Amino acid sequence: MQRENNLIISIGAVLMLLPIWWIAYRNTNFIADPFVVAAALPDFLMQPDTWSNIAITLYRVALGLAGGVVLGTLAALAMTQSKLAEQVLAIYVTTALRTPSAIAAIMALAIFRGAEIGYIVVVMFITFPFMAVGLRDGLKSADKDLAEAAQIYRLGPLRYIRHVLLPFIAPFIFSALRNAHALAWKVIVVAEIFGAARIGFGAQFDHAWEYMQMVQVHLWLLVFMAIVLAVEYGVLRVAERHVFRWRA
Amino acid sequence: MTGNKDTVLKVEGLGVSYAGNPAIASLDFEIKRGEFVAILGPSGCGKSSMLNVISGLLPPTRGVVEVENLPLYDAGRAAPKLGYVFQAHRLLPWRTVKQNLELVLAASDVPKDRWEGNIDRLLDILHIRQFKDSWPLQLSGGQRQRVSIARALLVDPSYILMDEPLSTLDEVTARSLRQELSGIWARTGATIVFVTHSIREAVYLADRIIILTRGPSTVFENYHVPIARPRAYDDPMIGEVEADIVRRVEGAWGLEPVKPREVA
Amino acid sequence: MTGNKDTVLKVEGLGVSYAGNPAIASLDFEIKRGEFVAILGPSGCGKSSMLNVISGLLPPTRGVVEVENLPLYDAGRAAPKLGYVFQAHRLLPWRTVKQNLELVLAASDVPKDRWEGNIDRLLDILHIRQFKDSWPLQLSGGQRQRVSIARALLVDPSYILMDEPLSTLDEVTARSLRQELSGIWARTGATIVFVTHSIREAVYLADRIIILTRGPSTVFENYHVPIARPRAYDDPMIGEVEADIVRRVEGAWGLEPVKPREVA
Amino acid sequence: MALSTPLQGAAMTPRRKVGTDRNVRLLGVTLAVASLFAIWTVLSITVRPWVPTPYDTALAMGRQLVSHSFYDNLFLTLGRVAAAFVAASIVGAVLGIAIGMNRKVEAFFQPLLALALAVPDPVFIIFAILALGTGEAAGFVALTMAVAPFVSNIVRSSVQARDKGLDEMTKIYRIPADKAFWVSLVPQLVPALLTAARFSFALSWKLVVVVEAIGQPDGIGAAIFHSFRLLRMREVLAIAILFIILMQLLEKGVLGRVEKRLLRWRQ
Amino acid sequence: QDVPEVRIQAVAGSLGGVPLMVMEAEGLDEKHGFAGVFELLPSDSAAQNFLIGNSDIAMDNDIIGVSIARTEGFDVTAFYPVGNLYMGIVVPGDSDAETPEDLIGMNVGHFGADSGTTMFIRSIVQEMYGFDVLEEYNFSQVGPAALVPLLESGDVDAIFNFESYVSEAMLATEGRYLLQAGSDYAEFTGGFAPWITNMVAHTSWLQDNPELAYAVRDAYDEAIAIMSESGYEILREDYIVSGLGITSPEVLDVLIENASTFDYFTNEWTPEIIEGGYGFLEGLAEEGLVITEVPEGVMVRLEDLVGEPDA
């Protein structure tokens, strides 16, 4: 019951954007007519091209994000386990953290000569420090009492990480993941735009923007939002509910 | 170092300070294999600190702790198996009762096909079988404490450290568990160090009671319980010994008198 | 509704369920102004749940709870002043003992110039004055519990709910605190609901003991303690009443027999 | 009972002496800088002329340090980063707390936040410019809108993980809500708030580069982009490195100190 | 078949892409013995795409950009011209401004101080009127396409842009050129005006593929011949209209008129022209606004670099 009510609120919040969109359309030059966009949507979604572009970007994001998460997690673990590693990695993390996305994109494209791996590396490079910082801060707040219990029962490092540490820092993991995921999408767009990608969401979006095809621009934005919402509600929330079911 | 084969735990001149403030002044005692030792001491005298040192969690500030004739931090040997009932339960809130127990089994050498049976037996003894699939946050204080006891007993420990394990249980449940604990100890021959505030409980359970002074603590008395086993909790003998100890500790722990006052 | 001016707390058909599982079946009792009532019940029978309902933290699943002749959740009235010693201490770890206490004073109407004096007096009574500037993480289990007691007494409460407040204290300290608590109760006329597992403690302190059954609980017995005040903890009378209650509860709480077994 | 668990969580790592700490720090910095330098040198040889040599970059850094425009740009950008950082941190924290405390508020804002996160930065910035013109306001609004959702995500997670026992305690002792907020909730959120501040700071900077590249003729980001358009990669790197060092010092100095102070109680 | 592939790029929406579209539509690549891979790329990334090596020939690079790239160690060179200066400053029809000086202190939109369009207009205004637009104008910066609605809505008083956006802007605002970079500058210098775009390639590619370079050049010659023979009416073809992103027939009318008036494409690549180009660059270098030196090899004739074509 509670959950259904909340669902209605959520849907209401999204629907509320429609009149805002319409008002914006009436009052500015660049916002497309929502009705025109809606009318164009079915055709847009019927085109196989639309889906192949989404697929390639999804692929880049998925691999890059996975790499960023793994790398960031390893870095965070290393940083909390060894003072030396913390010092060394802190500088790497800072460097990555502060590198403007567009510069990273161009460099990766130059280094990998425009190969597919370049896009994946950019996403990885930009998301990993955010994962690392989020998790390191979580690990730093790890519960001493539980660590001691793990030590007494000789859980060993792997079990300790998996069953004590990770659940404890799960809130940090989720916020880091959520943010890294959003960032990955932002970065891939920057990378596809500045990296002159031929296919992919960013390429299509930029192409439409270049030609001021505002209906197309809006269609791509809608697709983009749909994907991110789907991940939020289809993956992150579901996982969160499962992981935190003990909170009763 | 002593070659006494029977002495498995030796504490010599043990001192613990926190940031320079002494919590334990100096403790000396030995514990023999299979002995059931109770620790009695006023609140804040350093009992939990002492268990933390013995278990290897807390490095001592001063003194020597030897376990099985080797210094506490001897890295070379395989650590003896330990069960520890912490003063606060320290269960993982994100794992059900069963999952909390399975976790320590997985880290032990108990074969997997015996897990379920062992868990069920212990949960029966502790009267919490029906909470096997509950989350810790769904349990009452006493139920959580009992899960923590189950965890400590589950791993076939040769040493069991217990920090006021029965303090949050009602008298009937506590009696039943004292009896079970006695039985487990007799059957397994484990060495048990048992911190309690209940003097009667100490007398009923222990071979010997180490009575500590107020903190920073020293050993006030090594009290051998002169009652043969099996013992009955309501045995008047136990009451007599209890009364004797109460007299001693009243002298030893005697509170500084607090001036008469108004409290709003 | 009853017009009885003396009844300040009335519980009728109170039931509590968690996600459909009953913890309290149905409780009925009344408490008079200034009464000292102890609650005895087996672990997990719903004592903490009951205190949470009375304090307004937990909405009851069924039944009526009236405080001073008004339904518990009557929004119109100023809530009566309440002290609550939780089963787990619930101190703010980032505030020192003194700061934890000042926090509740600031929310009360105690004038600021009496804070320091009140805090010091209570810390003296509880024998923890020297920890005034310590962080909770630096305290022993019993010390934390005592800070939590100090907090509950500090705000001039007209109702005091205590959930096993003395369970983690040694006998000598506990005795001293029982005596102090008796004194505070007598002086202030507060209404006290006191959950304990120590039957002797209940007999020593309370006018009346509400004995609960195993969970989902009902009231097993309303036991009026037939001993005049002032009472002495070692008074044989108290021992007799204790023995009487033990007999009753053993019958009432009797554990399901557990089959003989081996535990590793 | 020599128990050793190789991995014990940071909280258990024994404190080392100050002198050792300093040595480790020095060694760490040396290792990191040396390895980065090695990677850079290799790249400058293999990915010529995209990656400039460290030497050329050092010269360019020197030139920047003595040029007026560098400092003008620096202060402009620092001001923008600071304004966006503060605004995004406050807006994000307030939202995050509201969402974490109340399921209904969460239900309302969470999809909107997810959407806000999904909007590519250039789009934010372009629409802000179109709506507000190319003045400072557009950049500020775009930055705040883009960064605040990140902050609120972090804060929300932490609010939901709070100790509800403490909520009950403050309720019993009738601590007024605003007071309870500051003494009970906020301290629990400190680790998350610090993380959020780091995020916010880092993202503000990343975005300011995009903002300045797209919509502002001045500032460090514009200077970097201008240099990039002119393919002066050594200038790009020189400006970026100088600014990164400065930001790092700021973050360490301010956040590091705040963190130490706020987490005293954990010893 | 085994026809060698040549990857040729132009900036999307820019006139520099039109010869590519014609080549593709008329099959001029096959005809001249290569398989063209024609790509129209967004302006944000076109330059680095080419520099990275993702295409062989770029149609939209100007000689200032080539100078900059060469100075920075990219061995690229302009081997043929493409577009005349089909750009300038556009004001709405009702604007009071008569010369660029009248815009001083006013709001002007452009798409980046580092764009060829702004750089050329800046240096031409500097030379003709003696002031630096970057100092004197109040600039707003958005992408080239977005500049049109900005001018239309009155947010800016003038824009710097290239075709076809110039035509779009003129139609939208009944506007006019305040400065037509090519013709106004030619008038000022008494004949010479630089051109805006070139065919640019890496020198190594030209040396490795001389016959392909010639083939592309020939295809281009043929393409612009087709255009001019049609009186630029060929611009009405659907593939060009969509390739340029032209939104209405009226824009097309303006564009065709502009094209006939200002003659937007060129293939004059004589030593004298190249000389003039260097002269222009040196002038820029002296002012030191965007470049400070003129490297060698910015412009080459294929004949000089790889020898005469095989017959």
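Note that the chains are named A, B, C, D and E in the order they appear, and that numbering of residues resets to 1 at the start of each chain.
By definition in this document, contacts are C-beta pairs under 8 Å (C-beta built on N, C-alpha and C of every residue); 3 or more make two chains touch, one makes a residue touch a chain.
Molecules present, by chain and UniProt name: B, C = ABC-transporter, ATP-binding component; D = ABC transporter protein.
Just so it is clear, the structure is predicted and the values come from calculations on it, not from any experiment.
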Intersection of the contact lists for subunit B and subunit D: A, C
Ranking chain pairs by contacts puts first A-D
Subunit A and subunit E, separation of their C-alpha mean positions in angstrom: 38
Inter-centroid spacing, subunit E versus subunit C (mean Cα positions, whole Å): 86
Provide the C-alpha centroid distance between subunit A and subunit C, rounded to the nearest whole angstrom. 50
Residues of subunit A that contact two or more other chains, please. 29-30, 106, 110, 146, 148, 151-152, 154-156, 193, 244, 247
For subunit E, write out the residues touching at least two other chains, lowest number first. 143, 146, 150
Residues of subunit D whose C-beta touches two or more other chains: 3, 130, 225, 267
State the interface residues of subunit B toward subunit A in the complex, per the touch definition above. 52, 55-57, 79, 82, 84, 86, 88, 90, 92-96, 103-104, 106-108, 135-138, 151, 155
Could you please specify the touching residues of subunit E with respect to subunit A in the complex? 12-13, 39, 41-46, 48-49, 52-54, 143, 145-146, 148-150, 152-153, 245, 247
Subunit D to subunit C touching residues, read off their complex: 165-166, 168-169, 171-176, 179, 183-184, 187, 264-267
Please name which positions on subunit E make contact with subunit D in the complex. 47, 51, 68-69, 72-74, 112-115, 134, 139-143, 146, 150, 155, 290
List the residues on subunit D that touch subunit A in their complex, please. 3, 5-13, 16, 21, 24-25, 27-29, 31-33, 35-36, 43, 47, 50-51, 103-104, 106-112, 114-115, 117-123, 127, 130-131, 149-150, 153-154, 156-158, 160-161, 191-192, 194-195, 198-199, 202, 205-206, 209-210, 213, 221, 224-225, 228, 236, 240, 243-244, 247-248
